[in-house]
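Listed after this line are the structures, all set down as structure tokens.
You will see chain A twice below: alongside chain B first, and alongside chain C after that.
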Partner chain A sequence: MRIPLYFLLMLALPPAYADSRIAIVTHKGGAIDSLTRKQVADIYMGRGAELRKHPDLLVLDYQGDSKLRERFYLALTGKSLPQINAYWARLAFSGQANPPRRMTDEAAVLQSIKRNPDVLGYVDFPKVSDDVAVALTLE
Partner chain B sequence: MIQFLRTSLCFAIFTAPLFAQAESTVGGFTLSGSGFATVGAGHIVSGTPAFISGKRCPCFVPDFAQEDVYHSGAGYLQIAPSTKLGLQGTVTHAESRVALTSQFVLRDVDQPHITLELLFASYPINDSLTLHIGRKRIPMFYYSDVQDVSFALPWTHLPPQLYGWEAVNYNGISVQHNTQLGDWDVSSNLFAGKEQVSNSGYWAIYNGEVSKTTVQWDHILGGNVTLHQDWFEARIAYIQSDTSRVARNGVINPATQTLQAASNPFLLGQITQQRIYTSALNFDFESWVVLGELLYISRPGATFNDFADRLALTHRIDNWEISAGISEYIGKSNNALGGDPQGQESHLNRAMTVRYFLSANSDLKLQLDAQRDLSGTNWQPKFGNVTLLSVAYDKVF
Partner chain C sequence: MNFNPHPSLHSRLFWIVAGSSVVIGGITLLLMFFIAFQNNIQENKSQINRLMQAVEYSAAIAAFTGNAEVANDVIKGLMLDETVCGAQLFNNDQLHAASVKYADTSTCPEAILHTLYSPFDGAEVVGYLETRIDISAVKARSYRESGKLALALIVLLLIPNYVIWLAVSRLVVRPIETLTQQLEEIEPGSTARLAPATTYETKEISQLTHKSNSLLENIESVLVYERAQRNEIEMLKVLYENMAHHDSLTGLPNRALLNDRLVQMLLQAKRSNELCALIYLDLDKFKPVNDTLGHDVGDALLKAVAERLLRMMRKSDTVARVGGDEFVVILHSLHNAQEANDIAHKVLHALAQPFSIGKHTLNIGSSLGVALYPQHGEDAETLSKNADIAMYAAKGAGRNNVQLFKL
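For the complex of A and B:
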């Protein structure tokens, strides 16, 4: 049986509807409604004015070396996960700052954001539900 | 080695519950724990033969403060001295945000021992100002705060020409201020305190382990300011203190390498003052990092002052980092006070490092150091030139 070439090419290509955007999500009606890319980068790097404006803000990240985490830091800072962890090693082991809290998965992040007004996290865009707010979208 | 592993195991078992990874919340307190580990080894490739302070050289000192010395007398491959295990725990009161941070490090394969590097309480006075009380690192250089955390460094060890003095911690009080000036993050720190180091590792290198030198830094007063914007960081620091040293058992005569007995107590120097000035510039742009550091120590009334500088370049390629660095230390004689221009210590080190990230939390590094002894003809002890090949496996958890 001969399989048309264009059919094989279609299988090899990612589906057109695949959404690779990452949403920075916060509590709906919470203290933060929108953020710039720099503000999010500063928050996740433990610095900047936004963290001082919201001292009780709980910043969420993920355990392990997930693809989402890798894509998030690459899109946000241009750095790989090992580079991010080396950066945080310098801050954390000097006692200057604590890294974002590590959650198990996106469901846990969304759950925490729904319950608490001072929480910031990130999820794959298609996972965003109506009961959280999107502060920024990373392409 | 077996003793080290046994001690490591006991240390880990007994402290693991206190430093459990990740976070837990108990009665309004959040407990978090983390750690770092390095298995390091070195091979002296070549250098000047000598016998100094009980060690057969060529010798390379990656960390003066901890008496870390690679020396040819230790055999073809030396597992000590960079191997270490560190554990850090923080307890935070959720409501007041008062936190207590502690860090212990198990080090030295040959004579395993645990050192307390951090133990301080922090209290946020307001959103910009934080008060710290307790034991901290002396913030002399860019990487001083994490001098034991090899995973935070692009190299197997810090440049000994700048880092590693007779005291690297202090007990005292500090106030940290963070603010924004336009696009700049500005972090300022003022601190005061004192430090006593019993059986100083730094002086054991120069005077022999037998000397059991006690170092005292009193009236430590200092400050540092860091400016950060996107890919650029600039840092300046000033520290002053009184310094004094007492060698209980005498010292190894640097010229003859024989024990010079103590007159009780053997005072190596009167109480003197030091004024330390440092600066650092760090460019972290896309795949390139350039770090430059300068040090000047003024010692009023002494016969010498200290200069040191460092320039390092790092290039990142996927999971690889390639670094090249040059650093030098120059003891500058104060001729007006009788200093001998030919009696000063000086050395220059060139290093190449290749780092490969095995995972997001671990790496493997290989580094070649070529150090030239440029000390004056009257300077003793003469460590001479040395080439060191070192390897390190680092992990944070």
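For the complex of A and C:
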């Protein structure tokens, strides 16, 4: 029985797109060691009580509605991007809103994490490098 | 019209009509208020519940993030409702946003508490939203609603009531007033009657008019009868008075009246020093006439004697019949004793003339006794007795003569 070559190739190579995990990354040896999913959600959604525990923490997000961002929030809160955007829009009027800082791409996020000790960001799991620490992995 | 302390039918009816409208309005007000209040409380609770549901997401966000601005916006939004007395939004962290309508929070005991869940985790409680209901505002609203209803009902009731009032005044009051006015002008016993109503004639008013007229009819006939009776009584009174003092056969005064007149005359004579005379007269042959020719002839004879005597005397002299055939004459204001004697002789002469009674010609004579005042007595009793004595003397002297009393 002949097995088609491309089928064998599919089995041999772990496909990059198949890994849907998202890593919550932070500075290696930084202020944050590991975080629960709830803690991450509280931090990203601007919960006052949680943010006060990390007064100098810089939280990073992405500009635009990328696939990664969509998957991240869906995995973290179960909400769609429009819902998340509406949420922040609602808070924006108050002047007290504290949304995450929007970065251009994952490279910029990783760069920022490497440079600063108290930064939190998220990237596709395969993009994680050895010089950053993973605080949590979202399936 | 006479003053009457009773209120008029008009005014009494007016107050009944107006009063009942107001009372019904008042009862409606109370009843509707009770119903409206119960309704409004329920409705208000559900309304506030809906209001809270509308702001629940924002409230949850505020509680989740601890954002006081958003929380205050939520509270402000809730406070816009007039029935919200106070609202507060708090989480188990630091957020506490609140607003109250009155300084004294105990005035609004009814509270609705909503638990706020995390926008991202429906199971996690992040805070609470509490709203207090302003019962007094609900009450005020209920009062306004029921008040409008009661007012509308009063107005609605006043229209038919006014129509009833108008109808009663036209159909009852005015006809009664007209009848009263007519009754006032009618003299009892007159032939005047009540005129039937010209407009709005009703069975009852017509019957009242009819019955009143029957009554007037009765009154008239009773009064006419009574008047006739009264006249008859007057007549009888005169008649009986006459009978008591007069002789029924001749119409001459009887003994009672004679005595009365004698006493009067003597008093008068005493006062003016007059001379008077009393003549007793007895018919000589009356008894045989009566016995042989019958009472009718006897009676006729006595009448004729009386007439003859009266014709001879002055009007002021008294001729009385005091017994069967006995007559008495009082003469007053005489000049002397002779005058009395002359008159007695004139009477004697006159009665000696024959009487024509029916087909009979009767010759009777008379015996006369004369007593003079004051010579033969100063009081009626003595004078009478003496005149009587003189008359018996005349009879004793062979009848048909005059005897002067002799002391």
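Here is the rule we use: the second predicted complex is superposed on the first by the 120 of 139 C-alpha atoms of A that agree within 3 Å, B and C clash if a C-alpha of one lies under 4 Å from a C-alpha of the other, contacts with A are read in each partner's own complex, and residues count from 1 in each chain.
In the analysis below, a residue touches a chain if its C-beta (ideal position, glycine included) is under 8 Å from a C-beta of that chain, and two chains touch if they have at least 3 such contacts.
As the structure is a computational prediction, the values presented were derived from the model and not from experiment.
Engineer: In the overlaid three-chain picture, which partner chain does A:A49 touch, first (chain B) or second (chain C), both, or neither?
Structural biologist: In the superposition, A:A49 contacts both chain B and chain C.
Engineer: Based on the superposed arrangement, let me know which partner A:P82 touches: chain B (first), chain C (second), both, or neither?
Structural biologist: The first partner, chain B, only.
Engineer: Looking at A:A97, would you say it contacts chain B, chain C, both, or neither? Reply first, second, both or neither.
Structural biologist: A:A97: touches chain C, not chain B.
Engineer: According to the contact criterion defined above, which of chain B and chain C contacts more residues of chain A?
Structural biologist: With both complexes superposed on chain A, more residues of chain A are touched by B.
Engineer: Same chain A residues contacting chain B and chain C, which ones?
Structural biologist: Comparing the two interfaces on chain A, one with chain B and one with chain C, the shared residues are 47-49, 78, 87, 90, 93-96.
Engineer: For the complex, give me every residue of chain C touching chain A.
Structural biologist: Counting only chain C, the residues touching chain A are 58, 61, 64-70, 73, 91, 93-95, 119-121.
Engineer: In the complex formed with chain A, which residues of chain B make contact?
Structural biologist: Against chain A, the touching part of chain B is residues 22-23, 32, 34, 36, 86, 88, 90, 92, 97, 101, 103, 118, 120, 122, 124, 127-128, 136-137, 143, 145-146, 148-149, 151-152, 178-180, 185, 228, 286, 316, 318-319, 357, 359-361, 363, 396.
Engineer: Which bits of chain A are touching chain C when the two form their complex?
Structural biologist: Residue positions touching the partner: 38, 41, 45-49, 76-79, 87, 90-91, 93-97.
Engineer: In the complex formed with chain B, which residues of chain A make contact?
Structural biologist: Against chain B, the touching part of chain A is residues 42, 47-49, 52-53, 55, 63, 65, 78, 80-87, 89-90, 92-96, 98, 101-102.
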